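Chain nomenclature is as follows: A, B, C, D, E and F, assigned in order of appearance, with residue numbering initiated at 1 for each chain independently.
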Amino acid sequence: MKKLVLTGAAGRLGSYLREPLTKMCDELVSTDRVDDIGTLYPGESYVQADLSSLDAMLEVIKGADMVVHFGAIGDEAPWDDILQSNIIGAYNVWEAAYRCGVKRVVYASSVHAVGMHLKTDTIGLDAPHRPDTYYGLAKCFCEDLASLYWDKRGVESVCMRIFSCAQATNARSIGTWLSYDDLIHLVERSIDSPVVGFTVVYGISNNDRAVVDNSKAGHLGYRPKDNAEVFAKAVFADTPPLDNKDLANLCIGGPFATVELGNSGVAALGVVDDRKET
Amino acid sequence: MKKLVLTGAAGRLGSYLREPLTKMCDELVSTDRVDDIGTLYPGESYVQADLSSLDAMLEVIKGADMVVHFGAIGDEAPWDDILQSNIIGAYNVWEAAYRCGVKRVVYASSVHAVGMHLKTDTIGLDAPHRPDTYYGLAKCFCEDLASLYWDKRGVESVCMRIFSCAQATNARSIGTWLSYDDLIHLVERSIDSPVVGFTVVYGISNNDRAVVDNSKAGHLGYRPKDNAEVFAKAVFADTPPLDNKDLANLCIGGPFATVELGNSGVAALGVVDDRKET
Amino acid sequence: MKKLVLTGAAGRLGSYLREPLTKMCDELVSTDRVDDIGTLYPGESYVQADLSSLDAMLEVIKGADMVVHFGAIGDEAPWDDILQSNIIGAYNVWEAAYRCGVKRVVYASSVHAVGMHLKTDTIGLDAPHRPDTYYGLAKCFCEDLASLYWDKRGVESVCMRIFSCAQATNARSIGTWLSYDDLIHLVERSIDSPVVGFTVVYGISNNDRAVVDNSKAGHLGYRPKDNAEVFAKAVFADTPPLDNKDLANLCIGGPFATVELGNSGVAALGVVDDRKET
Amino acid sequence: MKKLVLTGAAGRLGSYLREPLTKMCDELVSTDRVDDIGTLYPGESYVQADLSSLDAMLEVIKGADMVVHFGAIGDEAPWDDILQSNIIGAYNVWEAAYRCGVKRVVYASSVHAVGMHLKTDTIGLDAPHRPDTYYGLAKCFCEDLASLYWDKRGVESVCMRIFSCAQATNARSIGTWLSYDDLIHLVERSIDSPVVGFTVVYGISNNDRAVVDNSKAGHLGYRPKDNAEVFAKAVFADTPPLDNKDLANLCIGGPFATVELGNSGVAALGVVDDRKET
Amino acid sequence: MKKLVLTGAAGRLGSYLREPLTKMCDELVSTDRVDDIGTLYPGESYVQADLSSLDAMLEVIKGADMVVHFGAIGDEAPWDDILQSNIIGAYNVWEAAYRCGVKRVVYASSVHAVGMHLKTDTIGLDAPHRPDTYYGLAKCFCEDLASLYWDKRGVESVCMRIFSCAQATNARSIGTWLSYDDLIHLVERSIDSPVVGFTVVYGISNNDRAVVDNSKAGHLGYRPKDNAEVFAKAVFADTPPLDNKDLANLCIGGPFATVELGNSGVAALGVVDDRKET
Amino acid sequence: MKKLVLTGAAGRLGSYLREPLTKMCDELVSTDRVDDIGTLYPGESYVQADLSSLDAMLEVIKGADMVVHFGAIGDEAPWDDILQSNIIGAYNVWEAAYRCGVKRVVYASSVHAVGMHLKTDTIGLDAPHRPDTYYGLAKCFCEDLASLYWDKRGVESVCMRIFSCAQATNARSIGTWLSYDDLIHLVERSIDSPVVGFTVVYGISNNDRAVVDNSKAGHLGYRPKDNAEVFAKAVFADTPPLDNKDLANLCIGGPFATVELGNSGVAALGVVDDRKET
């Protein structure tokens, strides 16, 4: 692996990935729309670029072997914002990847593409799309876009449906946590698998109470190590009984299942920034 | 049913629907972006409006009971065009429908949302999205949008995956034909069904060689009457042997399975206007 | 077929079956708990007997080839009543059938065994039990009882999940109607099929908008002829828009999906006797 | 269609097909191992050839567009006989077809490839192989052979799992009958379908009590017209009660489900020649 | 968790649960129909009560947060006994739970609800009911009852299909063992899971040869630790070859698959009390 | 277990099994067509015999409890060779097993019975046959043969679909490796399981990137311990990017998916003998 491009490098999850990604390639090109992203890691360079510009994407992706695409609004937002960043931006990434002969896009999809499914169904990877927000709708769009680019143009994709990649501090996250280490492990496997075609996989840790079943993505070799059960006792002790008629407690999308479309899930919940859902 | 709105009223299929729709409601408001659509039918009025404007959609949809949404580019097209008409336009329709308290959107989805599936699989309605073009990708988007608006906002939708609604003059259409009468019947059932929630259905006639299975949409009551088999002998007599290694012959999306993204399927095939794929 | 026993002969559906059943056997023994059931048909005799007594059932079933079991409370009722008639009574019938060497029980099960499933799912015969009332719960019990008696004791059963066997006068029944002729046809096939083992089948007419899929019971040869669509226009004209958030409109069990347990669905709806749900 | 080859032209079913096949091509080459097959139809020629010789098959198939392969032992038989005719003979046909550039093999597979499945399961085309005899085992082999030649060499096949193609004179056949007209219709569709890849289809008439479900082969356009129900009353009147613990009555393979391997099913049943199972 | 009620506290499995349950709540109310259950654990009280009395159940359950329902005949028994304890008793528990506002019933269901399924099918949680005894039939009834109370009244349930919770001393138990520790773990998760709706789960240890697949209950977080394989060598050394035509060896219900209905499985097998099947 | 017969004892995998098998029985009879197989292990005897002779198989199998059948050509080969060794030879083994009253055949089937399935589908045991070679076709045949002998004659079989049982030295094997220890473990479980009926299982190690899902064979208790991931880093470092349009990289059959029928997969790849595919 010579050159990797990371979009959304200034974002919360992108920031975590920068260092590990430098170890998986000769050259990591980090990109985001901010001016700079602080001290670079050995082997890393930074290019300021806007996802909304296909030309900018062509410029930054040129010569890359793969693109790790985390650049997008990371929360529910008004439609126009989602449209610009998460839909048009994604098109620009895949189209640039295709034109530049990139082999694969490793993409931060989300549980919210299927967030309206019931937790008690423990769905697998064959469950249909069932988005819970504009944010989730855009993830659905990107998965279908990835399917199209594989079928028609031979660009591979791994769509990682990331769950709760943040501290596991509420009851839902005991089932939905994705540790940073497991995220890195998942990205690694998504990169080093020789052939992936179009693969969708749940990005969730090895939680006792994991709410989804990854067995149809076995070929990818994602074997998470962390388990939110270690936090369960403390978290449950602080949790009042949950209303079992509330979709936020019944659906795997959690609070996104009830948040009004276009309103920030985070804001609606009053959680701190580190709790931001991906 | 008091008031129905028909978008895309100047389009090929929209034009066919105008008269029948006037019989299903007290007042039909036809809309499109052209200046006028010719002589109006009794009970019909015309409003020029652009799908790309949410305000325009709000204006035209206000007071409607249901919207029959056929307005969009009806063929493969460059991404930017699909984005404007088929994605942003669709958002405007559903959002306006929601804000105006509309009960249901009856939507012209397309086989091209699942066009890369193999004809020999005779897929049902549980097959995953597998778009064959930007055009098909936008149909996937709209289906997911419809799912979201039902789950989160209680706006119902019927997504009719229209197949070959034109004269059955080539070999593929013997399996994929949708007669105009059956289209009208399907739209009728989509409108008069008391409750539909989020329903997807294949818009295909009762062809002997129908390439899909509608049994999971039985509740809608769509029972097509026409059968392309009556054209089969004549069409096959004019058809040279088909290349069975060509995806255009293997996939239910037909020529869209091989057309280059963003290029018109129609243009690529050199077919006359009446053959335009929906 | 020499001797058939019909339980519930004084009930609404039982009454309809008496004459047709006399034509399918040499001797029909009709039974119920009332004193008499009026004029008998040629070949018919009547025995007053109570389902709650195993001895009585043994007496009446002795020497029969098959039992057509329609005897039970035909509506939602308090638990104690359902327990006596629909659970204990059913045990007595199957146990007596077994002890008397009867080949098969043809049983009036009901849609209400699966009434909480969504209409828009168009479920098949592989859907799990999902009762909507005590009445439906007892139907589930009888199906499992029938399964047990086949697996362990070789008594065959056909469990006919009867839908709306009454005049089709409301919107739901356009999808769920079972005509009397189709009921008779279904009972005939359930009787004359050479081997049925344990078979479950939906008792529903050939309605355009049938809400379930019988394809897994094809071997039984039930091919309904009637279609409630002939009533649709008149019924819908009288129907105000249905609330699509009301489970009574979303679930195939209809009003039973919302009626309080133990309360009569009929009473709750204020419908006339002929409309009684089976 | 210029040239068709029919193997097994002297067999019971092959004989029925000769005339209809002459109407589907310019030139029909009938072949079998007997000296002659009587008067030829216009457009038909006869070549004596032995399936067990690859050279003979190459000779007869050369220049053909398609092969209709009915040549094999048509009943259960000792292993060595099945091996020669039904396994080695089939290999020779597909291999010759491949070497000669033939587009498609239309093959007389059989219910006995799945004969041990229960009648009450009404299996579809996704049921696994479950042969009931050496005869059925060879059918399984040929279906897998056909799959291999499509996947690896682009030779198409339609494997028609023929049921009871003879007079419907026993209880089982009321469910399993295939009329001669429907057989011809099925062969026609297997030939004139533009692209079939590897398709398996049940060869069964439109019997009310059909024991299998063909919905996954919808693309082939096989729509049988005949229905064994017209014989049901007469046949059942002559049928004593069937033992429902006997696999011959429970399995779709019928008497083959209990016949000893290598013994003729026909002989075991004492039926006349016309009743021979295919 | 303030108050838990345990029914069947004097039974074999109930006895094991008393101490662990005291650690999961402030107050454990143990109940059974015997006079006393010996020395109480800290936080435990005992109430003599009969399941067959709804009033008694209302009395004991009043004020509870959850009920752990293990009270019932723990073996096959005559119908009348099963009816009283396992069916009517269960109704009383759920009805009382509902009336008292209890959040959840944690229920000792059993493998025998699906005992007639084949071991070699390794069924999941989507397999249909297939009871092997009256005992199993009552378990099916309770699961459907639990489904009803969730759908209609919002009372949650976890139905734990307990396998062989006793010493693993015969060949079958190498596949079906449930260790006491794993039982306790399963009950814990059934209690501390924030939302369970209606959940069914197999109560089986992490045996190498586990005969069922729990993947559809992943959300519950049941991760058994024990493995009967440690007993395999010794047990198999003492086991004569098993008859592979005997349903007791083929079905997951084991000896219950062949025991006569109403006869004790234990008695039929001559096993000691500790081997009693749950 | 008194007497075991091992066929193919001189083959690569057979040689590995000889010693472990002696520990699972009193008497191991190893057989192959070579003159001798070197020093025998305690409890082992050798009989030279040819699979192509039923008499020879009857002689060697007489008195055996089980047969471990590894004798066959272990690679793609011309049809005539596969026919003799892998088809006729297999028939002789099962037929002799039946005639000699053998309880079970433990059979070396292969991934190549389903080799044309896509790696990215992570198929389970319910995937249909999809052979990639004559070699794989013969494996399909043997599985169906085993199914037949169980259904009709009560001879049990475990069909182990062995993957890459050799050093893991190429990229594909990181997903498909089967270590020798795991092979031995699998054979042990296939022998010591009390009842197996007809069981198919994937013979693959516990690789992170295992390309198939064994959950439907859970009852067998196969729990592999080894994991090819330990070789991944080194192997990938030596692997140039794989062509993701090449079926050899997309299909689980690997190079067999593209090798010409009848040509050795090994030879085609130029690999050393130890790399031979089973």
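Annotations for the structure displayed:
Simple rule for what comes next: a residue touches a chain if its C-beta (ideal position, glycine included) is under 8 Å from a C-beta of that chain, and two chains touch if they have at least 3 such contacts.
Each chain and its UniProt protein: A, B, C, D, E, F = Uronate dehydrogenase.
Model, not experiment: these values are computed from the prediction.
Shared contact partners of chain D (Uronate dehydrogenase) and chain E (Uronate dehydrogenase), listed by label: C, F. Counting hops only between chains that touch, chain B (Uronate dehydrogenase) reaches chain E (Uronate dehydrogenase) in a minimum of 2.
Looking at the partners of chain D (Uronate dehydrogenase) and chain F (Uronate dehydrogenase) together, they share no chain. One of B-C, B-D or A-B repeats the interface of D-F: more than half of the contact pairs, counted by residue number, are shared by A-B.
At the interface between chain B (Uronate dehydrogenase) and chain D (Uronate dehydrogenase), two copies of one sequence, fewer than half of the residue numbers in use appear on both sides, so the contact is built from largely different positions.
A separation of 32 Å divides the Cα centre of chain C (Uronate dehydrogenase) from that of chain E (Uronate dehydrogenase).
The distance from the centre of chain C (Uronate dehydrogenase) to the centre of chain D (Uronate dehydrogenase), each centre being the mean of the chain's C-alpha atoms, comes to 41 Å. Here the spacing of chain A (Uronate dehydrogenase) and chain C (Uronate dehydrogenase), counted between their Cα centres, is 51 Å. Among the residues of chain A (Uronate dehydrogenase), those touching two or more other chains are numbered 215.
Contacts between chains, counted with the stated touch criterion, involve the pairs A-B, A-E, A-F, B-C, B-D, C-D, C-E, D-F, E-F. Interface of chain E (Uronate dehydrogenase) with chain C (Uronate dehydrogenase) (complex): residues 79, 83, 87-88, 91, 95, 116, 126, 128-134, 136-137, 140-141, 144-145, 147-148, 151-153, 261. Interface residues of chain A (Uronate dehydrogenase) facing chain E (Uronate dehydrogenase) in the complex, by the touch rule stated above, are 118-122, 171-172, 174-175, 207-213, 215, 229, 232, 236, 239, 241-242, 244-245, 249-250. Those residues of chain B (Uronate dehydrogenase) whose C-beta lies close enough to touch chain C (Uronate dehydrogenase) in the complex are 103, 154, 156, 189, 192-199, 215-223.
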